[in-house]
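What follows is a set of structures for review.
Look for chain A in each of the two complexes below; its partner is chain B in the first and chain C in the second.
For the complex of A and B:
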């Protein structure tokens, strides 16, 4: 991103540059050519940036403010009043009378009803009777309409057939799909004229099957008790993994390997890279072999008389340890590589000088090496905080947040909510809201880190003469 | 403190770099290790500092054998070529560093006085609050020197300390380092490939080549009577000219190309026909002397106070002459200039001085 920002600056400068003593015509000719060229060079970066960074981020932010889910779909919704909806509304305070009024079934003899009855196999002569004599009539009760039908000359003898024929003319607003709110509103007004306009609007609004704008997701996140647990889990997971592995182990390994002969250094650096370069699924399976009952550790534990069980999922403590180690061993290599590079950048004469000055190994590490690793330490902390905040795949593949939900972190819960759960109703909106929270937390943390480590100072132009 | 190397040997990956070197530096003396790059002079220095471990022989500080002690316990001060200042510390902290580490380390507050003292000696009192990045090359050099001296080391080791400075600063620091060494009376070793530095700063010069010390002598003596062709060629600027030929007659020297010169009186008695290399320093041609060499001036290089001439005295034989500035001779002129035959240096086929 920074390179594209610089390039923009470059284009702007180039465009402003033409000196004043040149003829006007040339300046005018030069300006668009330069900016066009700049724009052309920038185009690939801008397109990629837009498609793969900006668009997903913006869409996440947009979805976060909807109640989009599997049931709403991602397309445009319709207006349907269902018995379920009425029940929900009744729970939310809608009176029974209104519910009854809305769900009332009426019988109207019209073309649509006749066609339906014909298609349903009602006797032709009987139908003709109905069309001739009852056309345009409306009945609000089934019994009344059936009585009227029975009075017709060619009415069937059996009450069952009569009832079936009557059903074809039955009309109810329930389960009918309307494309616009006005249609539903008009129909409701017709069916239940006594219901107040306000109540009607409320029913109409809540009958929309598509996604609607709402801040409900954030309200849910802010109020549900689950959130506190998720936050605590995430905090524990990120800080423990970062603290024990990505930073401490990475730093420790880098410094120890730094003092080792080169061949040893190469072998161990490569070994520590294995968790990172192993495909994640294989890596997870290997951890299962390692920790499940019948796996390496439980068998070993049994041999020496220690409690032997499925360490990955068998207890909260071992699940946590497993989860942190699974992620930590991947993270340690990142720190190792970065710190090793930074260590090698320290001139060896500085280390010699410190030894000649009388510094012990430990003093050398603490007073000469560590202060000069400030920038890589910041980078590993910042970068790995962000990647651990959003890491869920290893957890998903190993403890899967269990036992229960004890090792479920924010990212995993967001993933489950939005994209993978057993209930089948994927709540895209809520999931996006969770992701958005993650993005905001990440950004805030980045800015805090940069302020804390005085970023401006770190990137200022070096002035050492060599 | 007197410093002594006894049969010092150092090998890298089994390849010996220095074998059985013997060297003695007297208390308060400043000795230069002079030689071309790769001759083992820095290796020797780092071995004395304990940065490299000796593979054989002994390194003695006074009577104490330091060979197996780590550098932390040798009490030496080292100034590195790139100064090796700690970039994250201020000048004050850099200089105080040796006092705040190790076994009997001081508290930070106690270091203020010794640091101020050494800073005054080295004239950097006003820089103490700065970071190394805010210093010029010469200032960094002074800080490095202060850091090396603050612990009052037994031996001060300087590894090409002037190599990274510009010409003017180099001149200034040359006398500064010498002044500080004299004032502190500290035994010092200077590693350099610059013969002017070595000769101007040190009491004695040890000239090295291929891991061997060829000659140790005070600068003037070494310049006047080098033991070998290599030493003669290494010292002197503009350098000495070597003429390959053979002895003729009682006390003469002739080259195949045709140039003939008399040999110094002290070499009277060499058998005629013996092959010989004669070394003619530029100051011994064109100023005074009994012998004469003539030829055509092929190059003139005015250097202000002096003028340097190249004179082709025979086909392919160019003698160099340095004289007080003169403008009466130009390229193409034929000159007949005196040669101070008594000061000519003669070397046998193996390069040993006769």
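For the complex of A and C:
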């Protein structure tokens, strides 16, 4: 409070004395003093902004340039040489000898192994069994060696314990997970010493399980035919919902209620808020009761001889209408609140004067009300465009983008790609790329709207000095 | 004073030691189990683990060990939410110890390090795991390791309304021999469309009620790809196969079904409950589902006289080059990386016990899934079940599974996207197939074979 007052004071003083001490005053006006207290007051907002807006946006941008998916995992990957990897490398030219050398499993019972097992805490009696009965033996498969160990009298009951004991006597790189490339490289050098360093590096590089940097997601989005369909669907959804409901219905309701007696106005205003204040899942269920087979509308339609079916999912046209209405009634209440507030700000004397001049209701709306609602209309358009672009919850809970994918919009597809689909293949990278496109479109539109609204003028200092 | 001090110290030390000793011998474990695609009929997916815990505790007591296991379970009826929950919980290191999911998840989950190879914790050459069908163990394997233990098996079924077939003039013999004619490839999917159309024309079933496929994505649709000669994976190289001719045949089949008016263009995405009600009430001419749907229709949707009113067969061939087939989609018990070494060992033991024929038979019979071992078919509860016996004989020998491949999800999603697009008329069959080919080759490059 104090800081803003001081800052305003500084600006006001600079305005009052334009001719005196000009350079100093200009600096004061350009750089208002910021007190520590003011910064402290702003800190929570800045922290929240960073955590809940900037960080997700930055992470989305980072993920968008990766091939991150369920298979790669979200965190740091590991290095694993698998039979499938060796097969893929063989297809790409890796020789059979190298593949065989890398996948070899050798278990030898010798003094080094026994010492390692003892140091590893393997039971003494079991170790003695191994030393007495298997010393000098070599096995070329883990399962073969484990079978031999299981035959010993003091073998542990737990399979895991036995398999851990076996690991002290041999080395295999196959299907082992290494945290670093160096660890895998070192083990590979031991297991397959004849493999060249270059080949080893190639195997190690290919064995990384984590996500890697790529621009492939954007290439996919730019080239796939589905992108055009999703853009068209999104455009239709946003423009129809905005045009028919958020703006037209919101404005119509606000004006109609404005002319109604106050108690009626209050009741209807509250009723129109219900879609917004009803929990979204409950709201979706109510729409299902309303539109599904056996629901209100199909039953009514049957009574009057109209086609009766599941209007939410039974045809593409009715699915679109349902989807737009589900979102539209929520949006209409937003417009209603804003327009109602703006209407109350219009000096009522203007309406009285127009009535004295014999103006009709329509003339009042056309000549007095609408011109003064220009800013709220632009604001609702801007805000709701951005809101609808990223809206998917209601669609997901109602038509779920169907029938087929006919009502799938960009945001819903991004959600499904990254976080929710039947096969469980969550493509975080591609989904993030889709989300990033939305962020960029949103930011571009925001800048355009700010220019359109002349935001600078709206926040500029008042011409009247208080 | 000194004596009393010494005594006190001695008593305290003894008390502390006894506490430590007690703690050392008493082992308490809490094992969490999450099961996907599980409803009230298939609750033995996690109840079996609780039963196994009881047995393991008793076995420990017999050995003189004090073992206490608490099993906490959670079930998801669908797959999307379940897979999302498990994947994200794993990334947040908050996953359960045991997860029951489709075998196709082994590929991506093992590559991401979300699960442990169960072969590290159990012996497959001892009872009861040595009794499990070897082909099911193969289905639970990936990259040369056995990752899970099969929890159930199944067959997918093409169902036919006997009253509707009779109404269009089919004789008893024709109805009786239908399964064998389907199996041999003599009776094709297009023959089925003709029959469905005749049923509608006859007024036995309503418009667009002649043929009722699955309402949502599922392994079922791969059956139609196979019906038109498609292979999901190349047996030699192990690479995924995009067979454009088979995809074209499959997509065109559903487009033709829409054009004939036996199924709506807006079918995909409609409601399961409505489908179950109509199937159980005999309102469809032909439909396809799984063996387990029998349990749902007879227990929840009031279907009586199943064997008198419903004929069942493999999914018919699409025509020349195709084959009648059925896909099995075994669920598997997997031990997750979130479990500690000790918990993983206990979890694996519980799974092994839960796989014993008598326990698994409870799940098989209650949910109408097929058993996992030959010995299970001799358990009286199972052996007396007419449906399981019939399905095991007629369908099970012809089943195959979808591949365990970390990239299969990409192909699967693209295949279903193409099906939705062509079925609803959003794109032509040719464009839909071209889209699948483009998407899969772009994502997988040389790891996919296009035919």
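Basically, the second predicted complex is superposed on the first by the 281 of 466 C-alpha atoms of A that agree within 3 Å, B and C clash if a C-alpha of one lies under 4 Å from a C-alpha of the other, contacts with A are read in each partner's own complex, and residues count from 1 in each chain.
The rule is short, and it goes like this: a contact is a pair of C-beta atoms (placed from the backbone, for glycine too) under 8 Å apart; a residue touches a chain by one contact, two chains touch by 3 or more.
Worth saying up front: this structure is predicted, and the values here are computed from it rather than measured.
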Task = Using the touch definition from the top, say if A:322 reaches chain B (first), chain C (second), both or neither.
result = neither
Given the touch rule stated above, what does A:308 touch, chain B (first), chain C (second), both, or neither? neither
Review point. Looking at the overlay, does A:420 come into contact with chain B only (first), chain C only (second), both, or neither?
Key: second
Margin query: A:60 in the overlay: touching chain B, chain C, both, or neither? Say first, second, both or neither.
Written below: neither
For A:163, is the partner it touches chain B (first), chain C (second), both, or none of the two (neither)? second
Partner touching more residues of chain A, chain B vs chain C, is chain C
| query | Is A:359 in contact with chain B, with chain C, with both, or with neither (first, second, both, neither)? | reply | first
Check whether A:185 is in contact with chain B, with chain C, with both or with neither, and answer first, second, both or neither.
neither
Dual-contact residues of chain A, meaning touching chain B and chain C, are none
Contacts from chain B onto chain A in the complex sit at residues 46, 49-51, 70-78, 80-82, 84-89, 97-98, 101-103, 132-134, 136-137, 140, 147, 151, 164
Chain B partner, complex, touching residues on chain A are 347, 349-350, 352-360, 363, 367-368, 371-372, 374, 462-466
The residues of chain A that touch chain C in their complex are 69-75, 78, 80, 82-84, 87-88, 91-92, 150, 158-160, 163, 174-175, 177, 209, 216, 219-220, 223-226, 229, 292-293, 310, 313-316, 319, 399-406, 419-427
Within their complex, chain C touches chain A through residues 79-81, 83-84, 87-88, 91, 101-102, 104-105, 107-109, 111-114, 117, 120-123, 143-145, 216-218, 237-238, 264-271, 274, 341, 344-345, 348, 406-410, 412-413, 416-417, 420-421, 423-424, 426-427, 431, 435, 438-439, 442-443, 446-447
